[in-house]
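Heads up, the next two complexes both have chain A, just with different partners, chain B and then chain C.
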Partner chain A sequence: MQIPAAFDYERASDVANALALLERHGPESRVIAGGHSLLPMMKLRLARPDWLIDINGLTELDFILREGDQLRVGALTRHTALLESADVAGLFPIIRDAERVIADPVVRNRGTIGGSLCQADPAEDLSTVCDVLRALTVIRGPAGQRTVPMADFHQGPYETAVAQNELLCEIRFPIRPRSGSAYEKVERRVGDWAVVAAGAAVALSADGTVDDAAIGLTAVGLDGTVPEAEAVLQGRQPHEDLFAEAGRIAAAACDPVADRRGPVDYKRHLVEELTRRVLRRACARAAGAGQG
Partner chain B sequence: MTTVQEHAPNPAAGDPGRPIGYGRIQRKEDPRFVRGKGNYLDDIVLPGMLHGAVLRAPVAHARLVSIDTTEALAHPRVLAVITGKDLQALNLAWAPTLSADVQAVLVTDKVRFQGQEVAFVVAEDRYAARDALELIDVEYDVLPPVIDARRALDPDAPVIRDDIEGRTDNRIFDWEMGDAAETEAVFAAADVVVSQEVVYPRVHPAPMETCGAVADFDPVDGRLTLYETTQAPHAHRTLYAMVAGIPEHKIRVVSPDIGGGFGNKVGIYPGYVLAVVGSIVTGRPVKWVEDRSENLMSTSFARDYIMQGEIAATKEGKILAVRTSVLADHGAFNATAQPTKNPAGFFSIFTGSYDLKAAYCKVRGVYTNKAPGGVAYACSFRVTEAVYLVERMVDILARKLEMDPAELRLKNFIRPEQFPYANKTGWVYDSGNYEPAMRLSMQMAGYDELRREQLEKRERGELMGIGVAFFTETVGAGPRKHFDIVGLGMADGAELRVHPTGKAVVRISVQSQGQGHETTFAQIVAEELGIPPESIDVVHGDTDQTPFGLGTYGSRSTPVSGGAVALVARKVREKAKFIAAAMLEARPEDLEWEKGRWFVKGDPGAGKTIAEIALGAHGTMALPEGIDGNLDAEVTYDPPNLTFPFGAYICVVDVDAGTGAVKVRRFIAVDDCGTRINPMIIEGQVHGGLTDGVGMALMQIIAFDEDGNCLSGSFMDYLIPTAMEVPDWETGYTVTPSPHHPIGAKGIGESATVGSPPAIVNAIVDALAPYGVTHMDMPCTPARVWEAMQGRHGPPV
Partner chain C sequence: MQISMKVNGDDVSRDIEPRVLLVHFIREVLGLTGTHWGCDTTNCGTCVVLMDGQPVKSCTVLAVMADGHDIRTVEGLAVGGTLDPVQQGFMEEHGLQCGFCTPGMMLTARALLDRNPHPDDAEIREAISGQICRCTGYATIVRSVQWAAAHPLATDAAADDGAAAESTAEEVTA
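On to the complex of A and B.
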């Protein structure tokens, strides 16, 4: 049995209380939701917070709501809820694609979308998903509420725009007509971190050309999306050659490191291959999608 | 869902009308497991029990400069901190291994692998024990490590074992079997010779339950009760008596319910000894349970063989000879659990299932700065490595000859009339009938249809592979004259008592780590005595309760203890005859046995059941001369030979050409373990072993960086296959009873682990044939498969 260093624990009753507790206990306090990243790190004594602020009682952060031209998802929404939501599957199939390959059912039953984004692991799937869906994050702190686009949310590995005394409360996904999205991951085994994964979201114009495309990559040292690859798709008819070109650009743009999951050239190859696959699937889905 | 093909006739199984004995019955031990009522090591709580934790070395090779335990000892809940110096004073700093070497219990001079035991804290609770580890201040003088076995004998390689007087290099042993000159002559004259370096990477059995011990030393009467996760309680007791100087009759070793062994729990780990020392020092019971990382980083690994394989054949595909030179990485101490005379275990059975003119192997064992071990993970004393080598070589030869790999095997099998078959490296295979098993597996697979499908797919650029492997296992050591562990002959005892009401208890010297002994052995007694299995209790795992024997590993429980149990039941049956004769006022020679009952020949109405006889034995009647008043017996069984189970495996894989990801689509396993006792338990063993095989073939390796840091110290990094990576297993069987075993059984525990990795790798290499790939080393991760497709062959990572 692996045993963490000593720590204290408080269970927050609502968002305001959670923020007060974070303020009171200061920089050595950490928020815990699903705990699937934090607890292993604590057991290995790589993380040693003095205080855990448990937000699992904050039911006001557990929701999936379609509102006008956006889908609002509470930060405490479990992976399983995202996986099983018909709204999510219909509007953003990339989320379902990704959730199917995130860990295993036990982890998905506990882990939350907010926890995934705030952990900001470079191999984390939902960050890529939120990047390509150009999501907005809603963060609350002592000074009130602010919204931060995904492009500004991640500030490097394991670092986000959420300050120590703030709480990520919600993620908002813009709904676009004629859009489609897809995610694909290569892993050594179910539940392993990605060797490489790629996500794409496209919106088509009425004439079938690409109105907007976003390409995101997981575990290859890239923050945000790949604008150079996205640019070549803009205004063009979806086509295999176009996907291949975007794949080549993405492969050149990323910055993978060699590790036990594979050498650099293999990871670049995967970026190219997977970018092609997710663009193909996202465009097909967009072509089959309605007006949103 | 699992497909079970009941193709073969099997008189001993599958007859629902059969009231007792062998057959598919539910396991007697399962109610307590499925209800959470098992009693595992960590469930044991004794009054006043303390908790131990081990401080482990953060580096692979370093001189120990100093240890300061002052702060740890000042922790309010810490009772003792034990260092190598303390053990030196007790003459316990070093302990003998199972391979005639010594191993440090705690570091005294030098750290020799990352994760090695440096100090032991005993505290009121496990939290305090862990916290106190951080308060121990150790100074190390870091030395260059030896990590790559190929560099271990370089002239400038640091000498790891400078504790051994006169040692100037890292060589452990050089060992050979077979006739080198004869083999060379056959190779020189052969039409076709192919060679290939085949690496079986270091892997780890990773049992679900990690290792642990609860030691309870009673200072008043000097008695030690030691609960341990051990596969060999009796051998452990004897070794503790020899090493620690506690008289053997004062030691009781209990192996409670064990959550998987696979060879990981054969040896004596420093943690067990430290729990004992902790209990002696504090006068209170001490529990020590390692965590997952400790298990993966410090306990017995498996394999780590670099094998140069060669195979010679005629151009028509008659295999003539095999030859290999092996470099074996044994880690920092030679602690492999294997019979004394076999430094490479049973590796010399690498001649496989084939009738050869010549064979020769040489094995060199070296020290490296890695954890010790080597024989584990259901390997049958390295038959795993042997079978993997020969089955890869046969496939490479098939490619070279442009022959179908199944056909090439069929052409070269030892024929049924050649058994008992003496191979070229000194083994006598007791029995075998290989072709029907091979043909059955091909029929179940639809082999020809699969080959057609593969051709079509290849034309479309899709990668599909069909892998064939045929293995002969070597299990059930003794005989004791050939096989011993540190001088203890590999035999096993059994004691059977039939109570006055006809219920029975059988006490055996092997114990279960999940194999189902409480069911299997009851079934053997049931078959021999004719009383139902539910009337028979099986007692195992407690040295105070059971007869001496060498333990459960190398698939030896059924071949050795199964024989003992059958014989002890027959002994009771024979004794029952004399008592029955007295009861029936008949002559013993006039009695005839039918299941459960002796009766007078020609007068079936005049008979006595075992229960009646048991009551008679314990009653008031006058017993015949020389018969004492019970229905009990005991035996020690020394098997005349090993047993040689075999099997034919076929694996079908699909490889994603764009990513290198491998999907095992189908797996057909036909096993022959001789007489089958409980088919459900056999299938369970096979399913587990096949899953292990997928793990080894696709994802598992204990890897190190160049500084000797273990890169596989958690389940994040050392991957265990899940239900998602394995197909629905398709199992079938043939039955070729062992001619020398009392009931013809052969053992099944390791067959699938031995046979499945080559089938899977052969399938992957077959799938990659369009890329010119003839070999790749495990683990076949997506990256490594892709690299093989690029013509690259990197070292296993």
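On to the complex of A and C.
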């Protein structure tokens, strides 16, 4: 039987209270939201906080709001809510693509977007999604609120820009006209971590050429996006040869390790093929999209 | 720590350690052993209970996190001695062999039908995709849920009413 080591527990009433509790209980306190990463780690003693600060009551962080040229998503938004949101599906189909393959429906009822990003597992899907959508994270702490782009959010496996006495509150996705996005993952079985996954977001110019492209890879040792592969698309008309070239560059740029999910060659092959597929789908979606 | 919640409609209140998982609280503190404890790693789904109507894996929820919430376990599926259509469906269509996964399967099925009274087979398979059955190959589970969808209780309100529950029981066994 797996039971976490003993800890003390306190329920936060709002964001200010959560920050005060983190400050009061110090470095050995951890925030818990859905708990579907933290509790398994606590059972295995990979994490052993003295205090858990439960933020599930912070309904102010549970929202999906379209506001001007951005979609604002509260950190406590559950995976299920993201999967079922019409705004998300319309604006950022990549989020829907990814949410469909994150864990399973029951886990998605509990897990949150903020928890996924803060866990920062190298095989975590939403980090790649937020990278390619060039999302901004909104972090609050004792000194107030700051905005950190995804490019600076991840600081390595399981490490983020969120300090121990801070709380990730919101993720903001810029809405762009004529844009499209897609995500595809290869997993050994339903709900497993990715063997490899790829995500792409593309914005087209009025003449149909690529104005901006972002490519992200999951579980192959890359932080952030793949600028070398993105560059070949810039200013060009979307075309199968272009997707293939970007796929080859991405496969060369990544740094997978052999493990029980497969050897390096196999993972590079997946990167090449998945990059091509998500670019193809993202461009098709962008071509079909209106002015956003 | 003192916690209070509703379990199958009853108010319960206990003093527990924060590290107690909801599955153990339900089984060992409340004695409701219909909820099974399986893999302990959020994979198998036999520990699924409904929390405010939504399926959750109770091996990965702290009991203190359920404080103030509404919990429904397999013991709460039958109402007034009448089996839930999902339970009846598992009987009619042989939705179980060993029965270990069944409590979680039935609760997920109940939550699915509450939201989507007429799911297709793919939707049922998607709903139970986080739960493992090693006996049936899932085909009979899907058929059981379809049986339940085809034999709904008249209405929740009617089910609470004695006379209506009786006529519903006839429908279910017909």
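Rule of thumb we're sticking to: the second predicted complex is superposed on the first by the 292 of 292 C-alpha atoms of A that agree within 3 Å, B and C clash if a C-alpha of one lies under 4 Å from a C-alpha of the other, contacts with A are read in each partner's own complex, and residues count from 1 in each chain.
FYI, contacts are C-beta pairs under 8 Å (C-beta built on N, C-alpha and C of every residue); 3 or more make two chains touch, one makes a residue touch a chain.
Just so it is clear, the structure is predicted and the values come from calculations on it, not from any experiment.
Of the two partner chains placed by the overlay, only chain B lies in contact with A:273; chain C stays clear of it. By the touch criterion stated above, A:263 is placed in contact with chain B alone, chain C being left untouched. Look at A:188: by the touch rule set out above, it reaches chain B but stays clear of chain C. When the two structures are aligned on the shared chain, A:104 is found in touch with chain B and with chain C. Contact with chain C, but none with chain B, is seen for A:8 once the two complexes are overlaid on the shared chain. For the contact definition in use here, the residues of chain A common to its chain B contact set and its chain C contact set are 1-3, 5-6, 40, 104, 190-191. Only residues 1, 17-21, 24, 37, 40-43, 45, 48, 54-57, 60-62, 64-65, 67, 108, 126-127, 129-131 of chain C touch chain A when the two sit together in their complex.
By the touch criterion stated above, chain A contacts chain B in their complex at residues 1-3, 5-6, 40, 44-45, 104, 186, 188-193, 195, 260-263, 266, 269-270, 273-274, 277.
Of all residues in chain A, only 1-9, 11, 32, 35-36, 39-40, 43, 52, 54, 56, 80, 103-107, 109-110, 190-191 touch chain C in the complex they form. Interface residues of chain B facing chain A in the complex, by the touch rule stated above, are 42, 126-127, 130-131, 134, 289, 291-293, 658-661, 698-699, 703, 711, 714, 716-717, 719, 721-722, 724-725, 781-783, 786-787, 794, 797.
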